[in-house]
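Going in written order, the chains are labelled A, B, C and D, and every chain counts its residues from 1.
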Amino acid sequence: MLDDLREEVFQANLALVDSGLVLLTWGNASGIDRRSGLVVIKPSGVDYAVLRPKHLVVVDLDGKVVEGSLRPSSDTPTHIALYKAWADIGGVIHTHSTYGTSFAQAGVPIPCYGTTQADFCPGPIPCIRALTKEEVETDYEGNTGLSIIQHYAQHSLKPLEYPGAVLMHHGPFAWGKNAMAAATNGMVLENVAKMAVLTREIRPSVQDIPAYITEKHYQRKHGANAYYGQK
Amino acid sequence: MLDDLREEVFQANLALVDSGLVLLTWGNASGIDRRSGLVVIKPSGVDYAVLRPKHLVVVDLDGKVVEGSLRPSSDTPTHIALYKAWADIGGVIHTHSTYGTSFAQAGVPIPCYGTTQADFCPGPIPCIRALTKEEVETDYEGNTGLSIIQHYAQHSLKPLEYPGAVLMHHGPFAWGKNAMAAATNGMVLENVAKMAVLTREIRPSVQDIPAYITEKHYQRKHGANAYYGQK
Amino acid sequence: MLDDLREEVFQANLALVDSGLVLLTWGNASGIDRRSGLVVIKPSGVDYAVLRPKHLVVVDLDGKVVEGSLRPSSDTPTHIALYKAWADIGGVIHTHSTYGTSFAQAGVPIPCYGTTQADFCPGPIPCIRALTKEEVETDYEGNTGLSIIQHYAQHSLKPLEYPGAVLMHHGPFAWGKNAMAAATNGMVLENVAKMAVLTREIRPSVQDIPAYITEKHYQRKHGANAYYGQK
Amino acid sequence: MLDDLREEVFQANLALVDSGLVLLTWGNASGIDRRSGLVVIKPSGVDYAVLRPKHLVVVDLDGKVVEGSLRPSSDTPTHIALYKAWADIGGVIHTHSTYGTSFAQAGVPIPCYGTTQADFCPGPIPCIRALTKEEVETDYEGNTGLSIIQHYAQHSLKPLEYPGAVLMHHGPFAWGKNAMAAATNGMVLENVAKMAVLTREIRPSVQDIPAYITEKHYQRKHGANAYYGQK
């Protein structure tokens, strides 16, 4: 079932490990087949060294396992919440990557200090508020997704324009058109986070990049008249 | 003798090197066979590139070599002290991993700033007091173990709930149900230590993660109703 | 066409990835054949894992594609501006390498704190001013090149004596006698940038290296009587 | 000539690269045959990827090339000065390793914050004064060696007890009983330097390790009754 998606989600999971974003089992990637509404996701706590495409779990948008003998990632309800709220995303990843997680732990958005980040999103990478005690105790993973969705709605952010965020006390989530794009966005988030820490160390009073440069970079890569990359 | 344990302890020692926790010969892993009360441990100062399972040394709980022609790790009395005090552990590791050792040198516990650490232990990673001159001069390595045990007793910490600590002026020790679990715990300790340094750099006034989130994460992974990982 | 140059530029592009300076597609290298006035450059946004010499694009000094079916790097006008202004350079590279980019984002030149940098250039590595709104909106990439050229002219810097600079809000550009020398200069810039950050962390009041040591090191490697390296 | 020494010095040079201490051609290792008084050293500026044992240069203690068609390292006079002053050393290395060089650039000794360093030397790793203008302009590399020797004499430091130092504005030199021991000492220096930076970041007011712990660690590894390692 969903063999192509299964292979792509498998590769996205491996990419998180190969790029150093995921240590041990601290991460997961999923992808959705919008026609059937089925999600392929990493099984919970399985060692990446033995993970094979056949181990991935297929769940529906109610979180019910449709195929697979292993438990899906414990973060599955977060992935599902995002897929249900945002029709234009096709993949989601979650990691505890070092620099992204450090911003999450500090409860600080990743400031937009340069064109590397402006190529990715047109402003700071959001830091989502901490969950309340009630949210944690009722449906922790589902409410994690809802807190992200709420933040994007309240600040009128488009998910594909800001394809990643850090969750206070927790770590990064990222998403994209598909699972591999989500993994790539996770790498971008981690690397701009590292450069942001260093930039502030070099000049504590540094200001965000001027809006006209951000706009130029974002548009040349993602705008209607984008000229970065191939046609 | 104890071939399976020997192989596992060998793999745990290699894992410390492969994960970058051990440079040169700065580390060791051991495992215990509780039935016989015998401990398999790395020989002292042997280059990891030439280390083979047959080189590992078998010692009893009095520290006497039962099998092997090489000297056991100079830290053997520390391992033994922990095995004797804590019946539920099956493996111990010691490293001079960069971030863990830096916390040890600073004499500072590793604060619990996020869910990465809460998945591992439900609070800060302890920093054990420095040994006194008398303790150093009488039975240095044995007293190192006793100082850890004393700290856990005084603070009512369960060894498997807080499966690692840093020793002031020295470096990390970690333990677990077996040697490989101890090695994994050493990796977790190192990585949360790195994120703690970065978190404080991003926000010097950062507070520890709220207890209700720590509790949730610790319980979903280690509690009676844990749902992280496979059954 | 230009097979040798094509191969060299290909190797220079790979060197940027292999040395960790380029993540994803964040970088490019080019080389010029001065006889024909043709430039070989990386295609825009192509994954390095699939990049082959045949994919490189040949452009003339007006930016017109002379050979190749792919779009050249979006930074091509910057490369061309440098080739046109500076007759003695044969290669140009651009990266978003972590430490160099952090200095760029901070808007701070890389101070010359030691002989590692003095072996490379006889002073601080320049930080080029931010482009104005008008410059960004008219010919962004061409004006990027002009801002570098302007800085070098105003400060009487010779391009091959200071073979790299960081552009405010953006990142490093470097150049050299050929594409591979430019790539090497990019590596030097990144590494001295990292050491500069650490040096200031160790001693915030640190001063630049005395001029007489800088002069000695620069001259023993690059002067008329250089004795570093082979004849 | 001196084939065994040649092979060992070759391996020591490679070890500097493999351990990440040497980027590009920023480093060199040598070894001495005390019977003949001949030194085997890396040729100057030769790429490590093509370096073979046959490329190493044999020089006498006057710096005259005895065998080899390539120029010896430009730092050869520093190596020779150390060999002439200190009869008990058999190998010397020089690197621009990141953390060691940063201490050198800051002009700060590497404080002894823990047992990792105490296992290596019984105190801070010395920072050698900057050379004067006259010293630089007359015999730069020879005077570099003399400044190290002078520091050790003035402070009554034994070369094999403190087998490495950082030179202000420049970088680390290390030495040992043979070339490979010198390379290993270079690795130790780099790693304790990194931990010292982090330790001060975690606790700016940190104090050096108490002398009684330093003494214990140094003696258990290097003293008359050492019990670390194999007999």
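By definition in this document, contacts are C-beta pairs under 8 Å (C-beta built on N, C-alpha and C of every residue); 3 or more make two chains touch, one makes a residue touch a chain.
If you're wondering where the values come from, they're calculated on a predicted model, not measured in any experiment.
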Seminar exercise, completed: Neighbour overlap between subunit A and subunit C returns none
Exercise. Based on CA centres, what chain would you say lies at the far end from subunit C?
Worked result: B
For this session: Quick one: compare the interface residues of subunit B with those of subunit D and tell me same or different, with half as the dividing line.
Result: different
Exercise. Once subunit A is fitted to subunit B on CA atoms, what angle does the rotation have, in steps of 5 degrees?
Worked result: 90
Problem set entry | subunit B and subunit D, separation of their C-alpha mean positions in angstrom | 32
Exercise. Which integer distance in Å separates the CA centroid of subunit B from that of subunit C?
Worked result: 46
For this session: Identify all positions of subunit D at which a residue touches two or more other chains, and write them in rising order.
Result: 201
Exercise. For this entry, which pairs of chains touch?
Worked result: A-B, A-C, B-D, C-D
Seminar exercise, completed: In the complex, subunit C touches subunit A at residues 23-26, 43-46, 70-71, 74, 96, 98-99, 101-108, 130-131, 133, 136-137, 140, 169-171, 197, 200-201
For this session: Please give the residue numbers of subunit D that touch subunit B in the complex, ascending.
Result: 113-116, 184, 187-188, 191, 194-196, 198-199, 201-203, 206, 209-210, 212-213, 216, 220, 227-231
